[in-house]
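The following pair of complexes shares a single chain, chain A, combined with chain B in the former and chain C in the latter.
Coming up: the complex of A and B.
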């Protein structure tokens, strides 16, 4: 069967060597154990297509479905992110890919669109979001004008664009989108091996979306290694932080159990230590795990489309110290890197690959990189009428000031008051002092929201001095919406998109400054809600009050005054008056008769 | 002596406001945040935000926060920042209140409320002097709350009161200019034009060689339009994008897109109304507001000042973004008709309803927004009671005015029970 497939594949391989090397495919997986039994797995899939073949709609590794959408929407560069969870930079250190491959919680999309003016760009953007929505089974079509911004300084194109293009950057977020399996399946479908072979075969929705943090990204950009030779590149990444203990639990018995008594390691030096009481000691041994335990399956061989015949891809890399014992499946080749903390494996096509790290004593750890900046954003205040936003920037460096761009988009029903923007700075000595915000803000770009049309866009160029923590606060007011504008779970609150922070990288070695992105957590904003059950009652009651006022005033205005006697005389002449008179006379007669009988 | 008494009342009112602002420094900001005091079109916090943007060369109208007239921007740019020096702002707003009270004294002392061109009230001896009415206005808790809350509705109040005071003193040109100013700030005072021009005409007609009614009205309408056009012209110098400013201020007041709770009837109705009926009811509500002008002007032609007063009462109930400052303006003008009080029938009920709503309104709002133990219907019910109380008061005083007119026409049946047919 396999040999038959090989036969079928051979012409393809021959073809691939015939066309220029610009059309290729690479994939890789980097595994890095993190503290607290976490494991970071970074998948990367990259393929190129020459610009000519892309323009001629001659797709090879490049996914046709996406390519046609991009061509239709005149999108020259696209970045799409699906993220859930929170990257815990206190224990996990700096972010993978310097944060460039992750997005805000939910869905984040930004693209450079070639259009003659803003309106055309918006129209193409709508086309793009509608099509991507269908392709990725996500609510991307809900990125309307209120969720779209045009960032000024926070994003720069990463591709090489020709000057003739009139590019417009549009950026949209869906902070409330729940990323799940239905987004993973189309994501994998974009890969040449469709997740059936190669490292992508590890990606299983059950494990992926059970992770502490995960981020999927799709990046499309043109790259010109030489001025006259351009390729379009699509890069897909999946980064997940798995809890090893949690992932190793069998699926049919996922409830964690307490450690049995005889396996507990107790601190016997404690005075209260006995058979009944135990002060558990931290485990000195590093946990053992294997790919098949953590991901629920092993890698089903290398993707045969990925490897060029001559070069060998080091597909799976593991960042553990060299003295750590690692056993692998037969057929794979281990290459230890000179840095002492990473090793890579070459995979064979059609041979399952598994990697087992037994439980062993941990002597050294792979050093984690300290994040250049920590940021935290929260909503403060109580009540559903107004509140405040508090953003805390912490510069851990003792020598360098952190220069960065802070970018946030707020929904229109959150009305910020920029004039209340205040800053406090706390040094390492813990002394707080209030300072004018302009001391840190070098530049501001502010575009206020318009009700039901667009959201607030705030971009600040900030500089936080070394070894200090700066807190920015501003007040906001919450709008009351029309009752049809509330979602079905109105009292849950509304999602506010996280802020995006672009730190200008300090990497001066290669001359090119590469940005580092940090995203805060998304926020939940409770709004005052009307009573959804009684639109009819409200319409009726309000109308009654209005009718009462209108009726009583116009009654006074149109009628004329008479004395009571005149009124009775007048009343007696009308039909109603006469009838009433007859009735009274009849009653009197009846009364008279009964009294006679008595 | 009279001057001394006036000075004493004004000084006391001024001192009271400043002392409140001094001894309770958080009070102005608290009141600014109250929905009963500040509406989206009069909020001082929104003005500060607009000012902040204006001073940084960002158009304040290119956003959803600032909806007030542009002329306030350079005016408040001259004042120091209210957060840095709150006392200066407090003094400024307190002075505006005193200016309003001064106009009120002019109106009251003219005696137009009791005797006009066609009509003299029978009970005209029952009246308060101008200073008492001014004191009633200045020491009204609603006025004080509005002043401390720095609501920009006080400028509209100034425009309206000056229009009326100039009209009763026969200065019709200034009256039109003042009304133009008020209409420029917030559109609804334009509806007062017809009764105001009648009031001006009645004053003019008592002088020798009165002009024709129609030519007088047209001439004053032109002055009115001219004053608005002049102010809009000044505005176009202040703001860059004129259509944007018009839609952000007048469009906003007409279409009521911001449904922040207030003491009026519109906000909850337009939260709950079905989307397809929104435009229709918007039209109905505005038409309803405008409908009173014609009816009252025709029926109570002999007392245009009373028509003005009652229309202000109607606006305080039925305009899109009413606040207690509108009610305080109505309550300020009511004592002009002290002679009608004996003819009113439901004063106890109306005053009880208003007091009930005043006391329970903040409590119910707290239950809804902060405590979470009540829902929106709590505050909505209170706004209904408030509107009902005010409309009973309004209807009752209109009844009293009509009855007084009727007794004036038929002196022989004074004091008898009446009925309307």
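Coming up: the complex of A and C.
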């Protein structure tokens, strides 16, 4: 099953990838209002370069900065994701692009690297992460061996690779990375129109990172439409879910205000309704919005880099029912699609484009696609020493079982006990039932962690029966880190990368299977943290103990012991008196001695 | 045996009276036994022995840093130019197919004599040599740019003497594609064996002198720059008087051009990355015939440079490249109908913050060449003062403003969407010229192989001096910072550098410039590696406050009783010693 939304997007992709252009560029923006005054905006930018010009390092639409990194690291296919927020599949339905263009919270990177052996691949992977780190101003260089895995079944190359390449898949995540404007700026620099023309001109860091959910992706892969004619393709996408109300607030006055009394629509049938109390009625009208209100600016013309000047790209598409009233700025051309729920616009170069949907009664809605699987992953348990992981899979389908691959990487300081893996199944009737986990797990790939060298890698091939919810749990133990291994904000907790779920979706049209990706939220693992003033405390405490012990032993050894009376006799002498006495005694003795000699 | 002063037998009466006045029952303890005193002495001595012979060495051993021994004296001598005085004996072969051997020898001798008289810069001198295989040389075709692996010196120039009947005075012609100078002379001018200063010799000497003027000036400049930068307290040796005298003799304009070119040229590197970028403020032109243009204008040059450095080439098209908001915008000049950039504003032309001009990955510097096509509304654009459209950014690259004919087909004037190879021609000719300048090649003479040979000698001298001065800096650094560790790898690198410097110096002295450059390259790489060794900077800053904070809680309480005990023992020993001396 595939959503109507993607049925509509796919022909665009298919059409464009069929063109064997040596160097071309396409961009598109799809807007779809979602329930609860949310708006999904999917930006897509794709350019090709012939493999020959790429190898000769003649970059045209392909960004040189990225191209030379890929060549330097012998990377044949690359996928980079920057994501913040959580996709709310309860109210927003299935994910855009079937989840193939989104990543885990933070940064996710996976690449196929051409190398003769694993060691060489790792070295090139380090080169790649360090270079990308500089290019995208992100901490990608912190993807070290402990955060790198080599997934077995979760990812498949999407490009056409020649057989002579010895490809190695490496995958790394940075769940703690905060994606922000400094990552967007280099992202926009990779585009041929630099965000100054075309739909990319809408991308503004203030609005983009204020969104409920956003995901930026960079995909690089070789594509061979014909066996002897290959192009390298770079595809960049930005998907954001904006809260329309929030986005429409002016930037200089962003504090939400209560609705004035006279504009409140109250339920007058309530018994307590009066001038002072009001039960607000739900709005029946759909909110009005425009591009310039939601994004803070309008599209500054088309990016005129099509194949030829007269090509007609349907750049901006809007998914609202046809009866909905939409007004656009002059010069743009509207094309209504036969499916009844979408329309597209052709933009003119050098002419601003805006799109206004006035507030109007919403009679019909664009149907949202139900996700094929819901997944939730949490850390359970208490205490500093042990904990547990609980993963809940919910198959909403009443007829089909969900077959998927569950892939998770755990940091080395989280030590899972795989033998405690247990499953509970709950049907629609709500009856919980403990069953052996092997009933759902068809295959397991498990690679245990090595302290400070690599994390745990767990890949499970699972099958969840129709209309049921399966809960997997396992226990783990928390390791104690060394003093220097704690980050500055150790008490915040340690990020555990989200799990990646690959569902084998079946295409309704041609029966081919295509993957659907779902990612859980990232987790925070509280570890026992020491008091960080410890070293000095330890030094001072042990020093004091040693000094005490040493002092008493030393004094025992060198002091002279006398009776109390004798001590009083000695102590009665003041220092001054003793000194005087010593002087006198010395003189007397000298006298006595001399007299003796005489 | 000396007793303590508590000895009641010898106790003095005043003490007794004072004590008895206070309390008559108190009495002082009995005297300590000598064995007890001796035991106490042994205990304190044992403690101090452990501290001095065990504790202190262990502390010293565990907190000391490894400093490999460096030949500091030798390094400083290299930096001061005392070890090696770079000389450039250039071998010039004479081919005289039509002259008998004796006459040729005589001509050679007189020319050499004239040359030596003309030369003021003894570090750089020309050695004339008669070609042994004159016959073979007659049909010589191969280029002279090859690395000599045997002990023979590189031939800097081949002079062919050819008689020509219809001439009244000799004339010379430098081949453009080889290092060969043809001198045509009227047969009547063959010097008789008796003449000491024949006109033909003077002519050849003058020609040769002129050919090498710029090279000499550059080398003199490099040598004198190095001496100026090096330690100023070294007495003016004969070595650094020479270049300055040479510099004084050349014209001020030439000196100025040379020092400017030296400032502009890139530092020597094994690999240079060339990046050609097309920048446009709008959406066109968005494509260019870059591959044929590079193949035609740049590739032959890079091929010629292959013995000196390696090159990589990449190109990019960058659209919507606007000027930096702080840069002064171009102004419209009514009289010429052009948009002009002020010369002093050219440094702000590159919008470094936004234009993607990141250096290439891998070792070696990147040389950027920017082809800027101004917006139709600002076309044509030139530099105000000179009406030029190109300039060099020292040690960075070159800029060329291309003003293509605007097409008005669709109403408003617009740039062409595609730049053909023909329209790129002038730009790439300029780029190739800028590349030569940036690589430090001299401007004269016209023969490219000749200039490349000159470049080899300049680079060899340059690298030799820079590696030497790096050695000096390293020596000074390690001496001024006694707390930094010196790993063994640095010592190895230093010895490699020094040995390669020595061999480069020998190669130079014997005229094998290719080999000298190869040695100097190794020396420079190793010198840089040793100077920028990572572990040397690791622990430079370890403040003393930290050490005090770590040591004091332990050493304070433990040290005080130990020291007091030691002082007491010393006092006792001194007292007893004095007493014994007084008693004896």
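By our rule, the second predicted complex is superposed on the first by the 513 of 598 C-alpha atoms of A that agree within 3 Å, B and C clash if a C-alpha of one lies under 4 Å from a C-alpha of the other, contacts with A are read in each partner's own complex, and residues count from 1 in each chain.
Keep this in mind: a residue touches a chain if its C-beta (ideal position, glycine included) is under 8 Å from a C-beta of that chain, and two chains touch if they have at least 3 such contacts.
Values in this document were obtained by computation on a predicted structure and should not be read as measured data.
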{"item": "Contacts of A:64 with chain B and chain C, given as first, second, both or neither", "value": "second"}
{"item": "Partner chain(s) touched by A:452 [first = chain B, second = chain C, both, neither]", "value": "first"}
{"item": "Chain B versus chain C as contact partner of A:481, first or second or both or neither", "value": "first"}
{"item": "Which superposed partner A:56 touches (first chain B, second chain C, both, neither)", "value": "second"}
{"item": "Partner chain in contact with A:196 - chain B first, chain C second, else both or neither", "value": "second"}
{"item": "Chain B versus chain C as contact partner of A:582, first or second or both or neither", "value": "second"}
{"item": "First, second, both or neither for A:321, with chain B first and chain C second", "value": "neither"}
{"item": "Which superposed partner A:555 touches (first chain B, second chain C, both, neither)", "value": "both"}
{"item": "Which superposed partner A:564 touches (first chain B, second chain C, both, neither)", "value": "first"}
{"item": "Chain A residues contacted in one complex by chain B, in the other by chain C", "value": "539, 542, 546, 548, 550, 554-555, 557-558, 560, 562-563, 566-567, 570"}
{"item": "Chain B residues within the chain A interface of the complex", "value": "33, 35, 45, 48-49, 51-53, 58, 62-65, 257-261, 265, 267-275, 288, 291-292, 295-296, 299-300, 314, 317-318, 368-370, 372, 375-377, 380, 384, 387-388, 391-392, 394-395, 398-399, 402-403, 406, 413, 416-421"}
{"item": "Residues on chain A engaged by chain B in the complex (per definition of touch)", "value": "382-386, 412, 415, 417-419, 446-452, 477, 479-484, 528-531, 534-535, 538-539, 541-542, 545-546, 548-550, 552-564, 566-567, 570-571"}
{"item": "Residues of chain A defined as touching chain C within the complex", "value": "23, 53, 56-61, 63-65, 67-69, 72, 131, 135, 189, 192-194, 196-197, 303-305, 309, 349, 536, 539-540, 542-544, 546-548, 550-551, 554-555, 557-558, 560, 562-563, 565-570, 572, 577, 581-582, 584-586, 588-590, 592-593, 597"}
{"item": "Residues of chain C defined as touching chain A within the complex", "value": "5-6, 10-12, 14-15, 18-19, 22-23, 25-29, 32, 36, 40, 43-44, 47, 275, 283-284, 286-287, 290-291, 312-317, 319-322, 354, 356, 358, 360-362, 417, 549-550, 553-554, 556-558, 561-562, 565, 579, 582-583"}
